[in-house]
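Next come the structures, one after another.
Next, two complexes with subunit A in common: one pairs it with subunit B, the other with subunit C.
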Partner chain A sequence: MTADRILNTAGAWALALIWVLPLAYAIWTAVHPAAYEARFDLFAPLTLENFIKAWNAAPFGRYFLNTFVLVTVILAGQIVLCTFAAYAFARYQFPGRGVLFGLVLLQLLIMPDILIVENYKAIRLLDLVDTIPAIALPYIASGFGIFLLRQTFMSVPKELEEAAQVEGMSTLGILVKVYMPLAIPTYLAYGLVSVSHHWNNFLWPLIITNSVETRPVTVGLSIFSAIDSGVEWSVINAATLMTSGPLLLAFLLFQRQFVQSFMRAGIK
Partner chain B sequence: MLMTKFKAAAAALAFAAAPAAADVDLQFYFPVAVGGAAADTIEELTAQYVAENEGVNIEAIYAGSYQDTVAKALTAARGGNAPQLSVILSVDMFTLLDEDLIMPFDDFATSEEDKAWLNSFYPAFMENSQTGGKTYGIPFQRSTPVLYWNKEAFKAAGLDPETPPATWDEMVEMGKKLTLKDDAGNVTQWGVRIPSSGFPYWLFQGLTTENGAILANADGNEVSFDDPKVVEALDYLVDLSKEHKVMAPGIIEWGATPKAFFEGQTAMMWTSTGNLTNVRKNAPFDFGVAMLPANKRRGAPTGGGNFFLFKGASDEQAKAAFDFVKWISGPEQSAKWTIATGYVAPRPETWETETMKAYAAEFPPVLVARDQLEHAVAELSTYENQRVTRIFNDALAAAITGQKTSEEALKEAQAKADAILQDYR
Partner chain C sequence: MLRTRGWIHAWLLLLPGFVFLIAFTHLPALTTLWSSFFTTPRGRRPAKWAGLENYDTLIGDPIFWKVLWNNAIYAAGTIPLSIIIALVMALWVNRQLAGRGFVRMAYFTPTVLPMIAVANIWMFFYTPGFGLIDQIGGALGFGQTNILGSANSALFGVMVVTIWKEAGFFMIFYLAALQTIPTSLIEAARVEGAGGWTIFRRITLPLLMPTTLFVSINAVVNSFRMVDHIFILTGGGPDNASSLLLFYIYEVAFRFWDTAYAATLTVVLLVFLMILAIGQFFLFDRKVHYR
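Right, the complex of A and B next:
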């Protein structure tokens, strides 16, 4: 092994360790009694009590269901809208195309938090306050998704489309049977980014919803940040692991696909 | 969950008793800063009120932390969907007034009884709740900082375990005896811990008040950050670490402070009374609670949240909201809330109830915060409160970490705050 390679490996290990430390700490405190939060003892008694306490502190069963529905609705909406928009921008020539695409890109520069009041007004106009679609709507027309898919579609060889046309395939058929299958790595990568972002989103769902039936897990998680009475790290970490668990698990299961699709889609 | 069941029950009841007068629906936002159980207590109390008052439905909506709650209330109000009631930090009163979102409670206090009720709160809590002769906030989850001390550590250091420091000098002297080092010269136990992360201005206001300074005027448009008494207070805080070496240097984490106290890393700590139940449950040693030590005088800020009445409510809604606030501040309800959370019951009447007397007899430290109220002053609150306190916090952090001297840091803060508050004079 050359010195260069050793340095690389050592660097990778060091970074991985730094990355995993908070997670390791969270797991350590979550499975031990509160007395061991700041004390390391290999033989400290194990307990699941923190998880039970965390689970009972809020209706997490319902919150998980809500979050699951939410991220599914958002992703489904985004895929449909972004696919059509990206296809139009990639393959059609129409007046104002450049300006319109510029507007879509402009969306990437605007922090969604700035628009909270305007979004609230719009949702109220639609009479959707305190519903799951209300949380999802502002995010469905995703500028990032359109941009990403357009770039992918543009790299699809024109010959494939022409061949399909010769075979008499409809435009919709070409989109679904030629373009979409070729863009699967992009869809996967984008899906991961979208799901994890909306799984973790907190402020907008908190503001637009009022009831247990519509709120996601992050709102449930927030009741543990009790600044007036001292933070219980063991319970907070148990709750954090619990709420991020499904995402973490999904990532570990599909890790190979994700890494590959990120490389192909060119998202860094 | 509870609310839904409850609404269903109430609806069934209303249906049976039809034709009743049209129902009044209220939305009520509340933050939680003391752990999950507090949310349950608020929902229980609300459900109890709704059960006792036919024709009124109140939806109690958990709205996150204090910052989240004010963001949610502001957004909803600007979106034309304001709640009728919300619990928000008392210091946000000027912000809410500036946005023209709240109504004074006085407008709805029509009977003599109502007026007497408005005057029945501890004056220290009302300082942050009134301006221009009107009452905009009704104290609900209010707190004040106190000093907790470890009696065992006091005994081990040869101090009387029943006597906490009563003055600044005593705190330094005792602190020196309480600061322990191991053979290598590392500190194993500090004398005192005054947390300075996040919102250092709050505990620091304890020091400035004790030194005879008032940080902001009652109109919320004038601050005195560069008052020599404030500079002196900041010097004292900095010297606890730098000169006397009885407190850990640098920024001290607020959230980790109770833990450090339980683990014996510090013999005394300054923190909110909201921590009382937590300390009682988790301290593995005998502890005491005392008022903050005095310098020129005793003193402490108040803190916590008030009820605010939002504009946009119909007359019936506003009346119902007023009635609900009056009910929830009633002696028994307020006693239940205080026992569940550790917040200071805001009216003397509550402390006269048998429930509260029995609780205080069993656990006398709860009385310390109440007794400190006569020395307490309004928490720092101005127009553009978030920006002004941020400037002040940054100045404190700069002095604590040694980047600037106390005087420099506070002079700069005064100039910046003046520039902002200019528009409100």
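Right, the complex of A and C next:
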């Protein structure tokens, strides 16, 4: 029994070390002078110079602002639209319910991510190319969000709703005052998943933006690190960590909530 | 009267969501098919009806077959491996383990990083001569490698990065499922004299089936959808050796601006996803019987 346990612990740790190695290495190079990029010395001098260089070499401040606006707009839109739709599916009987719900589920497989050609045409038609709303629009209505909230709303006891109705509350009032407060854990979970997803999104923003004023950090980072003009690795690594920094920090601080949110989002 | 009012309420609640859902998912899926029957508009020349011309091009396009094959290898390599690793990770993290918090964090951290950042980090491993792989290899007396630069290994280099990024994500779902398995079940089996391996194979694994199904579908969709890292690691090269279908669609549409042909390629992608949707429908039906 104990041998089994030791073996498992060793395996788990070995894999964990392999798994952190890439990130640990990136952090190592980012906080040491370029001379130590490939030279390991426990007492190598620490420096923040790489971060300062990276920050000054590209308009990362603006990129961060763009990403921040982007994820906020998307999340706000998603919460409103998904709440309405989820409530309709959870509590109403109406013609077309099955078909419409099928269309919602279809978006879990056929995502806007792959429909780049036609969505680009649509955005051009709306004359919104190279704007932040253009990045957000395809993701505002989320099939995943509707599905998740519907499941939560369905578990709310009907008696609560009936009691509120007796008190003369309107439909909208019931939704906002009864259902939404009870679904806060789901909103939190969904919010974390949505923010990290759209913070990290790359292909669509790459296509639809072409100026500093709209570019999110992921696209900014790819442009910064694609320059072949001999930007030092340590500086690129610093930029890489910087762009993932806020998410990484949030994750390390709220690790338990993060993991639970992803778990909650995954179970039906 | 009251019933129709309920209907109208429901439809009004659905309206805003469906406007966006249809405008950016369902409608473009249909217009993709429509566009694939036309030529690409160029300058003042509008799109003309082309019939099946684009599909002729498709069948005769060696790059298309190449990226399709690449995508198949990519899926066949990354999906089972990342799922197995995810399962092993979940089983480990679910046990009593010294330093469990750190181990779980180590597994999960790649999930919160942007794929672009992940690619940048791995780039430093792969760089010929200078990267960590060559540093270690060099110290052990191996020659210089060029994993991403040679046609034989570029795709595998990309696949390793994908597995690294995805396994921790899938682990979460297994972890959630493992925690719902009643311990009484395991204890009962132990009383009956079942060993660890038997318990895993006869109890844990079957009970994890729905999760495996869910994770697999996710993984398949991702294998079509995630191409961000290719932009940094290889740019699809050398000679399309590491290009995937969606990456090729991007190149055709936004580098060569042949939108009609890009739409035709997207139709192929949509067909695969539709097959998956139908398959999932039947598989999930089976799952109900299973319970």
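Following the convention adopted for this analysis, the second predicted complex is superposed on the first by the 219 of 268 C-alpha atoms of A that agree within 3 Å, B and C clash if a C-alpha of one lies under 4 Å from a C-alpha of the other, contacts with A are read in each partner's own complex, and residues count from 1 in each chain.
What we mean here is this: a contact is a pair of C-beta atoms (placed from the backbone, for glycine too) under 8 Å apart; a residue touches a chain by one contact, two chains touch by 3 or more.
Worth saying up front: this structure is predicted, and the values here are computed from it rather than measured.
Look at A:129: by the touch rule set out above, it reaches subunit B but stays clear of subunit C. With both structures placed on the common chain, the touch criterion links A:109 to subunit C but leaves subunit B unconnected.
Of the two partner chains placed by superposition, only subunit C is touched by A:95; subunit B is not. By the touch criterion defined above, A:212 reaches subunit B but does not reach subunit C. By the document's definition of touching, both partners, subunit B and subunit C, reach A:120. In the superposition on chain A, A:195 makes contact with neither subunit B nor subunit C. By the document's definition of touching, of the two partners only subunit B reaches A:59; subunit C does not. Once chain A of one complex is fitted onto chain A of the other, the partner contacts of A:225 extend to both subunit B and subunit C.
Of the two partner chains, neither subunit B nor subunit C is touched by A:149. A count of residues in subunit A touched by subunit B and by subunit C gives the higher number to C. Shared contact residues on subunit A (touching subunit B in one structure, subunit C in the other): 38, 116-117, 120-121, 203, 206-207, 222, 225-226, 233. By the touch rule above, subunit C contacts subunit A in their complex via residues 6-7, 9-11, 13-14, 16-29, 31-32, 35, 85, 88-89, 92-93, 95, 97-99, 101-117, 120-125, 127, 130, 132, 135, 164, 168-169, 172-173, 175-177, 196, 214, 217, 221, 224-225, 227-228, 231-232, 246, 249-250, 253-254, 259, 262-263, 266, 269-270, 273-274, 276-277, 280. Here subunit A touches subunit B in the complex through residues 34, 37-39, 57-59, 62, 116-117, 120-121, 123-124, 129, 203, 206-207, 210-213, 219, 222-233, going by the rule given at the top. The part of subunit A that touches subunit C in the complex is made up of residues 4, 8-9, 11-13, 15-17, 19-20, 22-23, 25-26, 29, 38, 80-82, 84-85, 87-89, 92-95, 97, 100, 103-104, 106-122, 137-141, 143, 146, 171, 196, 199-200, 202-203, 206-207, 217-218, 221-222, 225-226, 233, 236-237, 240-241, 243-244, 247-248, 251-252, 255, 258-259, 262-264, 266-267. Residue ranges on subunit B touching subunit A, taken from their complex, read 1, 3-4, 27, 32-36, 39, 59, 61-65, 68, 71-72, 75-76, 78-81, 143, 198, 254-259, 263, 271-272, 274-275, 277-279, 282, 304, 341-342.
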